[in-house]
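There are two complexes below, and they share subunit A, which is joined by subunit B in the first and by subunit C in the second.
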Partner chain A sequence: MSARLRKRNNAVLQSLAQIGACALFLLTLLAAIPRSFRYFRETSRQLWFVGAMSLTIIMVCGLFVGMVLMLQLYHVLSIFGGTSASGMVVALSVYRELGPVVTALLFAGRAGTAITAEIGLMRATDQISAMEMMAVDPIAYVATPRFLAGLIAMPLLCCVFCAMAIFGGHLVGVTWLGIDNGTFWANMTAVVDVRTDIVNGVLLKSLAFGAVVSLIAVFQGFTTPATSEGVAYATTRTVVASSIAILALDFVLTAFLM
Partner chain B sequence: MSQPRSSYAVGTGLFIVLGFAALAYLATQTSSVANVHQGDSYTIDAQFTNIGQLKERAPVKIAGVRVGQVQSIALTPGHDVADVKMSIDKRYDQIPQDSVATIFTSGLLGDQYVGIDYGTAKQVVAAGGTLARTKSTQPLEEMLGKFFGAGGVVDNVGGSYTVTADFTNVGTLSVGAPVKMAGVVIGSVQAVRVDPVKLNARVVLAIDKRYNQIPDDSAAAVFTSGLIGSQYVAIQPGGSPDALKNGDEMILTQSAMQLEDLIGKFLVNGSPGDKKDAGADKK
Partner chain C sequence: MTDPVHAAPDDSTLVRIRGLTTVLGGKTIFDALDMDIARGKITSIMGPSGTGKTTLLKHITGQMRADAGTIVVDGKNVAALSRDQLYKLREGIGYLFQNSALLTDFDVFENVAFPLRQHTKLPEVLIRNLVLMKLQAVGLRGAARLLPNELSGGMMRRVALARAIVFDPKLILYDEPFVGLDPVALNQVLKLILTLNQTLGITSVVVSHELAAVQRIADRVMLLSNGKVVAQGDPKSIADDGSPWTRQFFGGEADGPIPFRYPAGDYATELGLAGVGK
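And now, the complex of A and B:
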């Protein structure tokens, strides 16, 4: 009994320690930002890797999310004869919730895992130690550029995702289901507000998610046991922890921003 | 420098340009820029006795065209009227002083906005001025009430007497539904049950004692308030000299009209496709 209790206490303490270590790691990352300006090229290379290389999956997924959303809404709204409102519902739901959240989940799966695995392998093959030997700060050279790249890439990816979703909704709604083109845009522009929907919804949320996903990915890479098993474990943890953090943070952000 | 680096740079550059292009697209094409656009504007006041669901930043329209937005809504200190401050675009500074500000609803269920109907006065409202003539929002309930003569809780002080009426179909009539004569509530439905012998619905009506002069050949009908309203029993007076007494039965009744039947009567021809569907359903 007491052994089990101790074990549970241990688990609680461990997760607390994990959160604390993650927060301290964030401070280290932020403190290293001025030093990492020297490695500007590395940041831009990471931006290319996590941003530009994620474009395909983001665009395809955005297109399909918009299309399926429109298809579903059309069938429900046709019961009430309100199909002309479906464009605006697609826009609002994508801007406020689906865009940032789905982009962040995809980003965690596409870029977060790659970052964790790369850094984990760097540690497993002693590249990090080698950098320290050469007086290169691994935080400023490896961690911060990836964190910054994620921070910059997420809002941009989210914008692309939303634009593709609108395009997909337009494709299904106007081209296939025959909603009037003018009504589609007019209803949308009537309700979408730049401040509450695009700045608060798309940009702010995706910036927060980008920070959380990149932080978790880099942190997991840096703290994983430097073995091949440890890298596999850390990669899984990145996806799990990021997904939970994204969805929980989404609720909190929505509650505050609405 | 080396080849791969420049390709990174090009890819990253393309990505950033695409991201910002998408943002610009979202901000300009899918949202109304007018919602953020705050050009030069001036403020005018209007006082309403009831603003309904009017919110800050709701549009202000003239002839249906958006000319500004509601800046603030506050109670006038010491009065039970709402003071609505509207900021109007400088381009529209020719609003006559005797214009009427009205709170409208876009459609049946839409948001509310302030509409300004031009008056005829030569003087225009100055910045910070007040529109003296306003029309407040009409609660939907009141408007519907005017149409259907509903409302008015029956006063049961005088006690009531019960009569029964048999209907072949009461629709969704429920206990407590109003009993009306000439649109005025005179009682309520006390019970709805099925007659085990005649196999029709027996409705017990409790009618206020004050209305004890109802002829005993009056007819009872089940009506619906409005299209989607609840059902009630309407009593249409007859011509008999004798009045209904406690425990009497009303002979003449008219059952609830099903909306489907009613529409079916209008659309005698119907659409052949619908009929085919209905037939298929029955099979």
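And now, the complex of A and C:
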């Protein structure tokens, strides 16, 4: 019994140590930002990789999320004869919750895993040590550009996601189910508030999610055992830890911002 | 013994190691190791696998910190350097990794150009010429636009060598440069190491356990075992110094002072046979 308890305590302690190490890693990353400015090209290359290359999945998913949301809402709201409000509800739920959260989850799966695996393999093949030996700081050259790229890309991707979701909602609601086009837009513009919905909802949340996901991805890549098994586990951990962090942080942010 | 920290920088010793002690995971890797690496010579560090030859190179370049002792490279105490000073020192050291460690994102040309682009603001045409000169020296100018995964092991090592010498370093550390090479590639690498040493006067440290290869290039050989230098001297005569250690290592005998078995408890007890048959 006591052995089991000790085992569980060890697991808890290890998780806490992991979180602490991650926080220290964040400080190292932030401290390296001035030094990484000279690697601007690397940052823009990473931005292209995590941002532009994620566009397809973000756009397709945004479209379908908007479409299915409208379909569901239309059927529920038609019971009360309130279908004219469905465009507005789609917009609010997408801006406040679905947009940032789903974008971040997709981002963790698409870009986060790639970052972890890439850095892990770079370590396994001594590329990180080689940079150290060539007097190039791997934190400033590898870690910080990827972190900054995630930070910049996430809000932009989230905006694209939201736009596509609204478009999908419009497609189903107006084109297919016959909601009046003017009502759709007028209700939406009347209710959506720039500060609480767009700035706090879309931009602030996705900025926070971008920071958390890229931090976890880069941290896992840099701390995993440099073996093929270690890289495989680290990639999984990136997705698991990112998903939990996104949803928990979403609740905290919503509680404070709304 | 002179004070290692304040030794004159222009003396004949480029790397001076005193009292180096390292314990990793409860195992003593180095036990008060003393070593001098002569300037302008090819020094080979030999020893069985697991004696910490690569770890020693990592200590010399400051990638790993020792538990005790000093390492002075070109008059600078490595452990006392700040990050920027350490990076400055490393710009003067070439390091050839065992697995070449080429950056897989870049082609051969960009791999060799990488240190130049990071540390200089040279115009593109000059970078191009410098890189092509280094690639010509290793015989791979024609492969400039290939990616690392399109190269053979021997070619990768030569590209890594071109990258290591692109800054004309004072010191090159070769970590197992002969492992996994066919005889032709092996001879090419041997010839390159020798040429670099003779024409540019680069101090070379070759970590290896292949005596035949080492004998053809090294000026001096040091044998590492159990965290100490157990023998050193001329590569031709070192194999015949008569100690049981060198006899076993160079004769390739399976058991001897270098144990065949990893330390373990009593065999019969572990099999659950203790007391059986008594």
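One rule holds in what follows: the second predicted complex is superposed on the first by the 258 of 258 C-alpha atoms of A that agree within 3 Å, B and C clash if a C-alpha of one lies under 4 Å from a C-alpha of the other, contacts with A are read in each partner's own complex, and residues count from 1 in each chain.
Just so we're on the same page, a contact is a pair of C-beta atoms (placed from the backbone, for glycine too) under 8 Å apart; a residue touches a chain by one contact, two chains touch by 3 or more.
Model, not experiment: these values are computed from the prediction.
Enquirer: On subunit A, do subunit B and subunit C fit together or clash when superposed?
Expert: Superposition result for subunit B and subunit C: fit.
Enquirer: Once the structures are superposed on A, label A:A135 by its partner contacts, choosing first (subunit B), second (subunit C), both or neither.
Expert: Touch status of A:A135: second partner only.
Enquirer: See if subunit A has more residues touched by subunit B or by subunit C, and give me that chain.
Expert: The larger set of subunit A residues in touch belongs to B.
Enquirer: Of the two partner chains, subunit B (first) and subunit C (second), which one does A:L156 touch, if any: first, second, both, or neither?
Expert: Once the two structures are laid over each other on A, A:L156 reaches subunit B alone.
Enquirer: To make sure I follow: the centres are taken over C-alpha atoms, the vertex is subunit A, the ends are subunit B and subunit C. What is that angle to the nearest 10 degrees?
Expert: Result: 170 degrees, to the nearest ten.
Enquirer: Under the stated touch criterion, which partner chain does A:T125 make contact with: subunit B (first), subunit C (second), both, or neither?
Expert: In the superposed model, A:T125 contacts subunit C only, not subunit B.
Enquirer: Report for A:Q72: first if it touches subunit B alone, second if subunit C alone, otherwise both or neither.
Expert: The answer is neither, since A:Q72 touches no partner chain.
Enquirer: Once the shared chain is lined up, is A:T227 touching subunit B (first), subunit C (second), both, or neither of them?
Expert: neither
Enquirer: One more residue to check, A:M188. First (subunit B), second (subunit C), both or neither?
Expert: Touch partner of A:M188: subunit B, not subunit C.
Enquirer: With the superposition applied, I'd like the minimum CA-CA separation between subunit B and subunit C in Å.
Expert: So the smallest C-alpha gap separating subunit B from subunit C comes to 9 Å.
Enquirer: Identify the residues of subunit A that lie in both the subunit B contact region and the subunit C contact region.
Expert: none
Enquirer: Any idea which subunit A residues touch subunit C in the complex?
Expert: Answer in residue numbers: 122, 125-127, 129-137, 141.
Enquirer: Report the residues of subunit C in contact with subunit A in the complex, numbered from low to high.
Expert: 61, 63, 83, 87-88, 90-91, 93, 95, 97-99, 101-104, 114-115, 118-119, 163
Enquirer: Looking at the complex, which residues from subunit B come into contact with subunit A?
Expert: That would be residues 5, 8-9, 11-12, 14-16, 18-20, 22-23, 25-27, 29-33, 35-36 of subunit B.
Enquirer: Hey, which residues of subunit A end up touching subunit B in the complex?
Expert: Against subunit B, subunit A makes touches at 41, 44-45, 47-48, 51-53, 55, 91, 95, 153, 155-157, 159-160, 162-163, 166, 185, 188-190, 192-195, 197-198, 202-203.
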